[in-house]
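Two complexes are shown next, each including chain A; its partner changes from chain B in the first to chain C in the second.
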Partner chain A sequence: MPANSRGQFPTFGSQTGFNPSRLSSDSTIVTESATPSQSDGQESQSPMDTLNAPPYQPLRYQLPGALNALSSSPDGEYVVVAGREVLKVLHVTTQEVTEYINLRTGSNLSLNYSSNDVKWGNNATKNKIATAATNGAIIIWDLNKSGRKTDRVISEHTRAVNRVCFQPNSGFTLLSASQDGNIKAWDLRDPKSLAKYSYEGKSESVRDVQFNPLHTYEFAAGFETGTIQKWDMRNLKPIYDRKVSAHNGPCLTVDWHSDGRTLASGGRDRTIKVWDMNSDSRKPQYTIRTMASVSRIQWRPGYDNEIASCALLSDNGLHVWDVRRPNIAKYTFDEHSTTPTGFQWLSSDTIISCAKDRYFMRHDIVGAYQPIELLRKNGIGWNIHGDLVFSIDKSAGDSFVDEISTPGVTSPANRKQRRSRTSTGDEMPLQYIPPQTCGIAHLPLFDYETFSVFAQNYVTSGEDIKMACETNAKIAWSMQRFRAAQTWKIIQLLFADMDDEASSSVNASDNGYVKALEDNTVNGTDAASETDSETSLRQGGNDYKDHDDLSSSSSESNEISSMSQNQEIVNDLLSYYTEQSDVQMCVTLFLVIQQHVHVGLEQLEDWFTSYIDLLHRFKLWTSATDIINACPIEAVRTINMNATTINIACNNCFKLVLSTARASWACDKCHKLLNPCSLCHQTVRGLYVWCQGCNHGGHLEHMRDWFSNNSQCPTGCGHTCTLDMSTRSHS
Partner chain B sequence: MEYDDYRYQTDNGSESGQETTTGHKPRILLMGLQRSGKSSIQRVVFNKMPPNDTLYLESTTKIQKEDVTRSFIDFQVWDFPGQINFFETAYDSQEIFGEVGALIFVIDAQDDYREAVNRLHYTVTSAYRVNPNITFEVLIHKVDGLSDDYKIDTQRDIQQRTADALADAQMEHIQLSYYLTSIYDHSIYEAFSKIIQKLIRELPTLENLLNVLCSNSGIDKAYLFDTLTKIYIATDSSPVDMQSYEICSDMIDVIIDIECIYGAQNSASNGTTPSINDVEEDRSATLSSPSLSVGNGGVNGFGGADSLQEQLMSDTSVASEPEAEASSLIKLTNGDVLYLREVNRLLVLICILRQESFEKHGLIDYNFQCFKEAITDVFEFSNTRNKLNSQLADGNELVNNTSE
Partner chain C sequence: MQATRFDTAHEDLIHDVAYNYYGKRLVTCSSDQRLKVWDFNESGNGVAQWELNDSWKAHDCSILKVIWANPEFGQVIASCSFDRQVKIWEEQEIEPKNSQKRWAEKFRLVESRGSVQDIEFAPGNGSLRLATCAADGIVRIYEALEPTNLTQWPQMEEFEISSNASSLNAHSASAGGGTGGSTMATSAFGSQAPSALAGGQGLAGGSAGASGGLQQAGPNQGRNSDAGGSYCLSWCPNRCPAPMMVVGLGRENGARIFKHDGQNRWYPGEYLPGHEKEVHDVCWAPSMGRSYQLIATACKDHFVRIFKLTEISATQSNPPQTPQSRNPSQSKLNLSPSASPNQSQVGKRFKVEVLATFDDHQAEVWRVEWNIEGTILASSGDDGTVRLWKAGFDGVWRQMSVISADGSNGGAHPSH
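Right, the complex of A and B next:
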């Protein structure tokens, strides 16, 4: 059994559904955190600690309108949140959130202020904020200005501006990505409202744009067509440096890794993809499949391989993924009641987010739950022959990804690997596969052979109990099922001939003693493993006792010889076999003596359905049909009556004739007539007679005429049909 | 909204169109190899043919021209036979490609597409030489049944081959857009929506209007649909999510179906009698509907629409209007509301909003009225401008004629 190639845990029969309900989802509104947040990088907590710790509550702050985006000041103390009706600067500490400035005070309801995106400047522009509006306006706000803070309104884009971005080092250059397909660069030192550069992606709307954090003259943009482009501002030609067709459907967000060469992108096709922008590879390094369209992503600072994402619709969670383990999120924050629209890492352990539910939140990684903790890590399943397959999680400790076996995006090992791979072609696994042990064990708990022999040969009719019991006992004896044989004998004694002497019954039960012993020894030697022989020994012990009871009670019963006494014994028998989970015996026993015993309908239905199910599993259709027909319960009998389809195969090419139901007379595949008469070559409607030897045939009349004079097949196939000629009708 | 009203006049010859405004009407050319699905696309999108019936379409032998003139959509679709090379000297390529707005090249993704890619390269370069203003759209078609990985691989491969070929021909500045489509789902409608949006000059204005409407009414997403083709001619600037698009376009189907059964007769539309209203209100009660199975995949994302509440009402308050506007409301179990309003006989506005926002029903209706007036203004303006342009062009032609 090879390890699951996608690194997921095998889930055979057992359901390992993902349960997104939080351990502690007490969502009261608090403006101060219950526990002081720990931002000292201590993040690998054992699940026990998380359970015992008081439930962590994120900081919440409610705003008067739905929020679209947020951005923190360079020092992380202030956060600006923006929405259609809101533009506020909040003061955020570890304890509480307070409003600092409301930038919309006194401003009328101008469309310029309904913001799609907001960014806080840096360095030279650390007191400035840029907002992008749906009508194409970009507004620069200056927090140092007294009175109205509006510094400048740029309205050069003809359609909505989707994203703005400050150049990381200087802070003077602002990039804007617009629905009109243009990316424009603005120099904020120049008060004239004209774009310094305009980059036309020659693609549809630009959804996201971001500066490279290391090489600040480079930027990447994500487009509605699903492509991402890398541009170099030093290049004066109006053409991109590199273009990757990344997503199937629009690309909605891009984010540079801090190493300056790795770029992540997210799109409507529900994937996050990681690209090496320096290589020529057209395939992503990593692909993470999420549950919904990805609207924003950001790498986790301080953790090279972790990336946070939020959805566009239908998923309210904020997920942190490890690129090396793409099938399950490492952390999930599930606090918002609608989809988060914007988020940002404040530090490597703190994340701030906003959503249309009007809440601004500050989360700590301690407050996130780990979806992996909710998953079952071991799987088990078996087939009908008693083979058991299992897989056991072997990952050591609590580490989400083994750092040694799977180097990350930027680890020096991976860099070296990447370089060496080009020369040697040696592949190192990029994806973490949790170590597992898989195995198959054969447990001889169920004897298929005996079961099928019994199923096919047992007499199930109750018309002649004596005969039925005798045959069944013989069959059981020949299959070395001595206990079953004994049972049949006892039943025979009880029901077939109640006037029989008690001595024979005693003899029989004495035999039972001996045979039971034999049975045990046989079982013991046959058993493959030690544990199995133990269980069979234990069973043997039970058998002894049971037989003891049985024999004594049966001898008693013969003395009293009353119907009710028989009923009691049979009940004991049946419950014994039920406990042994031998439904075959239960059902057959019941069918043979059903005139004399009463069994609860529910119990009966249980036996029958499980026995029929077993028969179906072993493909013993005929036996199953017999049992179904013999069953006294209406519900079971109707199984045979629904959805029985009979299909006809073409007698020339042996393909299924699809239009059987509509009485087609020709095969769809080979276009030959179905069942033509060998003599007149017409389709036979009505009685068709054919030779079982050569499969040729035709109209009954024609065949009779032909074979009255000839002995060979009329088609000339050379088969001598007359000896085996059997005239069966086929409609 | 009577279904028959929407049947286009299909004029087989281009002569009749020529007389009116064909000279300035953008063309959409459907090209590609034989059996790649051009006619199927044209029939499914513009003639409402059920996708399964396209199996029986005969192969096209001559150029099929069809005028599509409705409100903002105003162009001509030319369906080309795949087996003929129209760049041969026997054909007047200037005549064919001179006025083209968009050239759609269809590639069968389930087939070996190398030949198609060669043909695409040839078509693009030849057409570009004739008319450099054409926008080239490539439909990687018949992707139903392909796995997601295979789809993106195919797209990447086709894109790369074409880009390499164009680069070799020194024409890498030609911009091609690629779409993965299938007639069995909504992807073909979405692709056509995007293609057609590029041809609509008023798009930025419409988008802005929708943005304003959305932000002032608390609407999450709004689409302006062309009723018959289910093409959205504009939407607000937030990203289009496939689920929301699918559910909205399914809603149109539901509304049209109900309209066909219960709607007022078109001849009697000027007198919206109270009796009709009664009937419609009765229906809203009877149709709280498990029978309305809206959507297939899209609905699931919205939390299941098994308890859709359907209300169709006739808005009689605008008595001055000769036709009553249809409107419809579907509440989804996840708390979202789908709200449809008819803008005019050809356009409907469908909004998705949260239940909380929908409490301000009056505000939304008022905003909608403003929006509708604005749309009408834009439409009238563009109409007069078109007329002016055509007059100008006619004038130019006259001048040319006299000079000759």
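Right, the complex of A and C next:
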């Protein structure tokens, strides 16, 4: 810290009886303590953050080092923040945060001051602050002292002190929880004494300790082993009152509910659990599953069911949970850029927090966001049959937990009594489940039956258009698809005659078609796709290319015109069915009359891929394969050629036989013949029969011969292969 | 229309439901951190019913979306969660049903620095690719290198959704190096005014990559708050020379089409206008060979909108279609800011028109979903209803029917 802030200390020291509330009215001191921050480059800009901010921005205050813990004075006006290099008292109002005292003055880099935890005293100790150091020291600071504020240094713990805690009603007793496995109580009235009591939890390191706010002779502690213990200080026997195995892995934090009976604990197993410490149940009343290990928790004052938590790692949020809805945080403050290390409720709506990002913040609950607002409350999904699965939120209300249909009240309407949750216990029924309806609507949108009948029965070959149209029309008629039937009839009328001619003189007809195509290319509207398709037709395996040279030959002109007329009608038909999404009709129609119509390549690909996809979805594999094979588009036809591999393994060494492509009948690895007959020792290339018991076998003929006389395996392996036969004959 | 109630026994809100390819399996995801898979059991005395296949705790936070992969890759589902992860699950036939072990976690995608809000498998055969978008405003595209074992999912490409980040920041992660977050373009961080020093500190180390969240700037700048915005995406399911998708722009109130340039970059395309608040969901309809494309959006401003995209025929001049590049990894990082995205593009260009807007929900609309044929749109909103929309023979879109939470099916308005 800069020198001038140290220079202020005499001002404080000269005061008699530190009284924070009185100090706040002492304008000179407050302003003085506000100014020193200007000498510090980092601090000077931090309050600026509040300026250009949207409403409800939290108050921020940047400190020179990472922060580990904070604690507010009993009246809430002052906050002490502590870290490895920082120990400062801040004055916090609703408007601003100013530095009040820097307790880490001078250049003492003693490990004593590297604080794990800090607590502000109360009542008799309302001007005292206790810090817990990583080297095991506990330091009591007296803000009334002049000069160095260090009141007392206790170094009785052998390892780091994780948490300290003042007794709530007197403030004289201080509890400390240490990594060395001890909880010690100190009477601060007696400055010299050793620990008044020492409680050995008979357990591992103690991570947290806290007095019961109501019955102040009780305290609870959380242990590295995951247990929590309740102690009664009146009980002189060194044994806990009650012990619960609370967490899988270390328990990092505990917090008493204001009712003095309920205790919450948080652990590295990423859960917060709520316990009734008066009951003997080994199961928690509630379990909140968070996304990261829980490092600190505190019940929200004034809200019996709400508890705030922050994580040890990876989650920068400060979450407020309603225990009755353990899966979604009710509020989240997401302002720190690292994990918050300490926080405290100042009132039921105000929370202060600090983090390793060096920031101290004062948040208001209105500045928090509600994660539930970001979540979709409903979902829908279609399937191919036209079923629509949906989950929709019934609750019109905005309440996070609907009080009416919640806990305790056993209304038949809600499903709190979840019997299936035996694993987590009988107390779980208190959980709130938002009303949501999930169901499946069956919409008669897609006639699966007709589709599959058509898929399986339609004639798709264009060899005999007349026959194909007639058959298809009949099928459509029988399925009561009269429009489709009509379409087939029309197609038959248009193309059947031509087909006859075509069959009489194939070449002529083909040439006519090409001619028509060229006509279209000239007159057509969609010149680009026409060209596309023509080239594709040439590539597409049809033989038009070969006829190109002949295309100037004998076609009659009136035939050409009728062709293009037909083309128009067919185009209309096809675009109608496309618009109807009836790709089945489009594809079938095209396949039947593909010799005579012209469709854009892209259009074709769309139809075919869509139709094939539909066939696959309905598991009509055979039809799909037929369509794929019939498709004039190379890219579609290759679908069938992809990834169809049959691997053969050697029956001796079970390695893949790779040389089958070269028609070798021996294994590469073990150089043995594949599937040799047990009798003739030749590879079996036809029917291979083998015993399921001993896996030996051979040519069907040989085996039949052998087993007509023998019952044991021909290899001499000793297996009685014809067991089945013999038992039958015996019976 | 008949409806069956379906009791999932989830313990909190269900956020997504999805049929598999064949429509015979369902998966549901919920805030109770569980996934549940259901099988439609048709065997046995003719009474077909949905049976629970397995239910397991899949994430550490609300699970926002769950999807099925095409069955050619096996029984694979992907889920995304508020816990910033995407997980890939595969069914283990050897494990008994309802053992909580039936679905094994095959991979986690952990690059997102915010809750992952939407995921979708890319259409098309052969390759298993997954697009994710998270609260950090980045769309990431992953590909299973070996779809048969699903244990390698390098991030292939990523781009920023925010328009002021512009396409210049879209870049690909080199193959295999997908983990550990590729270098972030620093200028894209934060919003409009990078406030001097506070922002500068964090940004200086902005390309530190793996340091993840720690590299973030001062308090307000570049924070990837989960509250930052909700994004959504939907691939174009139809044949196109290069992949496209429509993305909801979060706080920017709108949706935009993003197109792949055939190499390794994505550039922003057409903007879908008219939204007054955040777009909650987008869905690109299968076109089934129709000459135009349909996209539906669900918006916080209570509207369902349907957009029609018609290809601008100027694309005639396109070079012959290049085979869709399946292997963008081999191309080098191409960050040269001079390359205007409008040049060298192989994608289509569209004329965008609004076909229909409906405010019948009178509440925030959260989901839109086209049926398989792209002819009927379903939408669901905070009013507790699912509404179905269909075009009549006159081409006008109308409400076809309403399904409401109390089980009653509202009056079906026959479309013409």
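Following the convention adopted for this analysis, the second predicted complex is superposed on the first by the 419 of 731 C-alpha atoms of A that agree within 3 Å, B and C clash if a C-alpha of one lies under 4 Å from a C-alpha of the other, contacts with A are read in each partner's own complex, and residues count from 1 in each chain.
The working rule: a residue touches a chain if its C-beta (ideal position, glycine included) is under 8 Å from a C-beta of that chain, and two chains touch if they have at least 3 such contacts.
This one's a predicted model, so the numbers in the text were calculated from it and none came from an experiment.
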For this session: Using the touch definition from the top, say if A:293 reaches chain B (first), chain C (second), both or neither.
Result: first
Exercise. Looking at the overlay, what does A:225 touch: chain B (first), chain C (second), both, or neither?
Worked result: first
Exercise. Chain A residues in contact: does chain B have more, or chain C?
Worked result: C
Exercise. Thinking of the overlay built on chain A, is A:214 touched by chain B (first), by chain C (second), by both, or by neither?
Worked result: neither
For this session: Check whether A:380 is in contact with chain B, with chain C, with both or with neither, and answer first, second, both or neither.
Result: second
Exercise. So, A:282: does it touch chain B (first), chain C (second), both, or neither?
Worked result: first
For this session: Pick one for A:606: touches chain B only (first), chain C only (second), both, or neither.
Result: second
Exercise. Regarding the shared-chain residue A:135, is it in contact with chain B (first), chain C (second), both, or neither?
Worked result: first
For this session: Return first, second, both or neither, reflecting whether A:116 touches chain B, chain C, both chains, or no partner chain.
Result: first
Seminar exercise, completed: Dual-contact residues of chain A (chain B, chain C) 314, 338
Exercise. Which residues of chain A touch chain B in their complex?
Worked result: 66, 84, 111, 114, 116, 134-136, 158-160, 162, 179-180, 202-205, 207, 224-225, 239, 245, 247-250, 252, 268-269, 282, 293, 295, 312-314, 338, 356
Problem set entry | Footprint of chain C on chain A - complex, ascending | 45, 49, 52-53, 60, 270, 289-292, 314, 316-317, 325, 327-328, 332, 334-338, 357, 359, 369, 371-372, 374-396, 418, 420, 431, 433-434, 436-446, 528, 578-579, 581, 583, 586, 602-603, 605-607, 609-610, 614, 616-619, 639, 642
Problem set entry | chain C to chain A touching residues, read off their complex | 1-19, 21-24, 26, 28, 30-33, 60-62, 64, 82-83, 115, 125-126, 193, 195-198, 202, 213-214, 216-220, 223, 225-227, 230, 238-239, 280-281, 286-291, 313, 316, 366-367, 369-376, 378-386, 388, 403-407, 409
Problem set entry | chain A-touching residues of chain B, taken from the complex the two chains share | 148, 151-152, 155-156, 159-160, 173, 175, 177-178, 180, 194, 204, 207-208, 211-212, 215, 218, 220, 236-237, 239-244, 301-302, 354
